[in-house]
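Both of the next two complexes hold chain A, though its partner changes from chain B to chain C.
== the complex of A and B ==
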């Protein structure tokens, strides 16, 4: 299993959606950390564990762009993401529900388009 | 012997009479002044002279009197009326002198209101000045905030006011998660004795900053500044956060932004939820009802409901939102429409000993 931590491997203070809106954006996290590791996990048929704990706090735009963007921009299938991604949050399990909502919504929007 | 003609003689007589009249007037003035100053202490005289000096120095400024209680929470209507008068002067490009001498109370959010207004005048290169409150506490609060020192540092769009005694004021246009984290670290030390994480407060800041960056203007992102002030009450061990942006305001943004997420769903929102007034509309926005009913872009609507949820989950306390003509006082469950309209969004909340906190998980250099 591959493990990444937002706080350790990206930033303890994640910020907005896009880099133009401020530092440590969801797009940066997805492009530089999450997507490469997810592709590596898919290639090796491994699980990717993403630890959400340890940050100062996570904004909704950051989470949506980081995870919803996997489907919208990186064109990774919803099924591949679901079978590979393992979300961990001992501090606030609502983050997991929130991310699952974003993935479902991004998938629905892709199907509608 | 010099012989003068009758015309010159007349001129000289007129001049002498005028001079006499002026002397008599001056004498009268001095006498009246002496009479006025009887039983008046030297300190009072000095104050009067200072007032006269200010009136003379700023004689071409429009003098706008602040309410005696300058507080967005305790005197919402009075403070909004004051802001409205300042906004009117700004629109007419009139130089303004804010009269604060009679102000008895300045609440924590007032600094951010005054600062943001001052910055608007400065951005438009219009004169803006004011006096100090006579009330000791109110005066000290303004002095400690650094408002009148003008010793702020400006780094591009970012602005920091050098406050003292636990008053921090900042402004920017982008989402600055580093700043909010530093503010939280500072106040958590004061509240709990050591630094803690407060993800609820961080989330509130990120949502508000993002909202200002994305939605405060109908013309495009990154147009408006946001301003925030944090103050701390050592006796109550409580931090007071205020956040303001002078965008179009949340309700106006929804009603006027054709590219907005709720634009196409407005009629559906109205017919399904039947908001009674804008106060009620703000309640429905906060509790997520409008987001659920709308069919706009699905992923962008969680800002206000996310902030409200942080309040419900005890991550913050005493959440108040004022935008356009709507007020939401979440603690007292008061949602009402205001007489005086506020062009923008004002949000305040508190953090105290009983709110949710989390320990730091990793080694972190707090001085970096």
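== the complex of A and C ==
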């Protein structure tokens, strides 16, 4: 299993959606950390564990862009994401529900287009 | 020996003396012949001890309940403080710039505090109170979720107008969004007040 921690591997104080909105954006996290690791996990048929704990807070824009963007921009299928991604949050399990909602919404949006 | 114990002893002695004085002034129609039945004496002593013991236990129970209530209310106060801080930031939006990360952090801490406090209180509550608290827990969960979206969700597309704009980590809200945020904060405050009333009726 591959493990990434947003706090340790990216930033303890993540920002908003796009780099133009400030540093440590959701787009940067997806492009530089999440997407490469997810592709590696898919290639090796492994699970990718994402630890959400340890940050000063994760904004909705950050999460939507980071996870919803996997479907919208990186064209990774919803099924591949669901079978590979393992979300971990002991501090705030509402983040996990929220990410699942963003993945579902991005998938529905892709199907509608 | 504390002040209260001294007062209790003094009152006890005064009542005892008072009793003798009353007895000497009023003819009550019976006489004390100087003999006491040992069983009566034991019964009297046991009754007095039980009376004091029960009074102490009841007093302690009342005190413990009050302390518990105050503790819960203080915890609710902690959530209210966070909410008021967010409200203050939003109200001063035009006077000073707000960091998006600061808003995210405050919302995160406030929500975590709410979750942990309600988890604790719900664990202690039972029956009707638990049901009432659960109702407000769900209402607050929904309001906090809405508040989170309103405070931290920036648009994914470039369509105008935008309700939330973030530039170099400085966040700006449209007047409509500001009103929505403040209305939701009002709802949260009202719900927290209702929770206070429920806890007070424990």
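Definition applied: the second predicted complex is superposed on the first by the 113 of 113 C-alpha atoms of A that agree within 3 Å, B and C clash if a C-alpha of one lies under 4 Å from a C-alpha of the other, contacts with A are read in each partner's own complex, and residues count from 1 in each chain.
Convention: a contact is a pair of C-beta atoms (placed from the backbone, for glycine too) under 8 Å apart; a residue touches a chain by one contact, two chains touch by 3 or more.
Fair warning: this is a prediction, and the values are worked out from it, not measured in the lab.
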(message) Which partner chains sit in contact with A:53 here, chain B, chain C, both or neither? Use first/second/both/neither.
(response) first
(message) As a test of reading the superposition: which chain, chain B or chain C, is in touch with more residues of chain A?
(response) B
(message) Looking at A:96, would you say it contacts chain B, chain C, both, or neither? Reply first, second, both or neither.
(response) neither
(message) After the superposition on A, what does A:105 contact: first (chain B), second (chain C), both or neither?
(response) first
(request) Return first, second, both or neither, reflecting whether A:23 touches chain B, chain C, both chains, or no partner chain. (result) both
(request) Considering only touches as defined above, state whether A:12 meets chain B (first), chain C (second), both or neither. (result) first
(request) State which residues of chain A lie in both footprints, the one left by chain B and the one left by chain C. (result) 13-17, 20-23, 55-62, 64, 68, 91-92
(request) Give every residue of chain B touching chain A within the complex, in rising order. (result) 174-178, 180-181, 184, 197-203, 205-207, 209-210, 213-214, 221-222, 298-300, 302-303, 306, 358, 361-362, 364
(request) Show which residues of chain A lie in contact with chain B when the two form their complex. (result) 7-8, 12-17, 20-24, 53-62, 64, 68, 91-92, 98, 102, 105-106, 109
(message) Please output the residues of chain A touching chain C within their complex, sorted ascending.
(response) 13-18, 20-23, 55-62, 64-65, 68, 72, 91-92, 94
(message) Per the contact definition, I'd like the list of chain C residues that touch chain A in the complex.
(response) 100-101, 103-109, 111-112, 115, 145, 148-149, 152-154, 156, 166-169
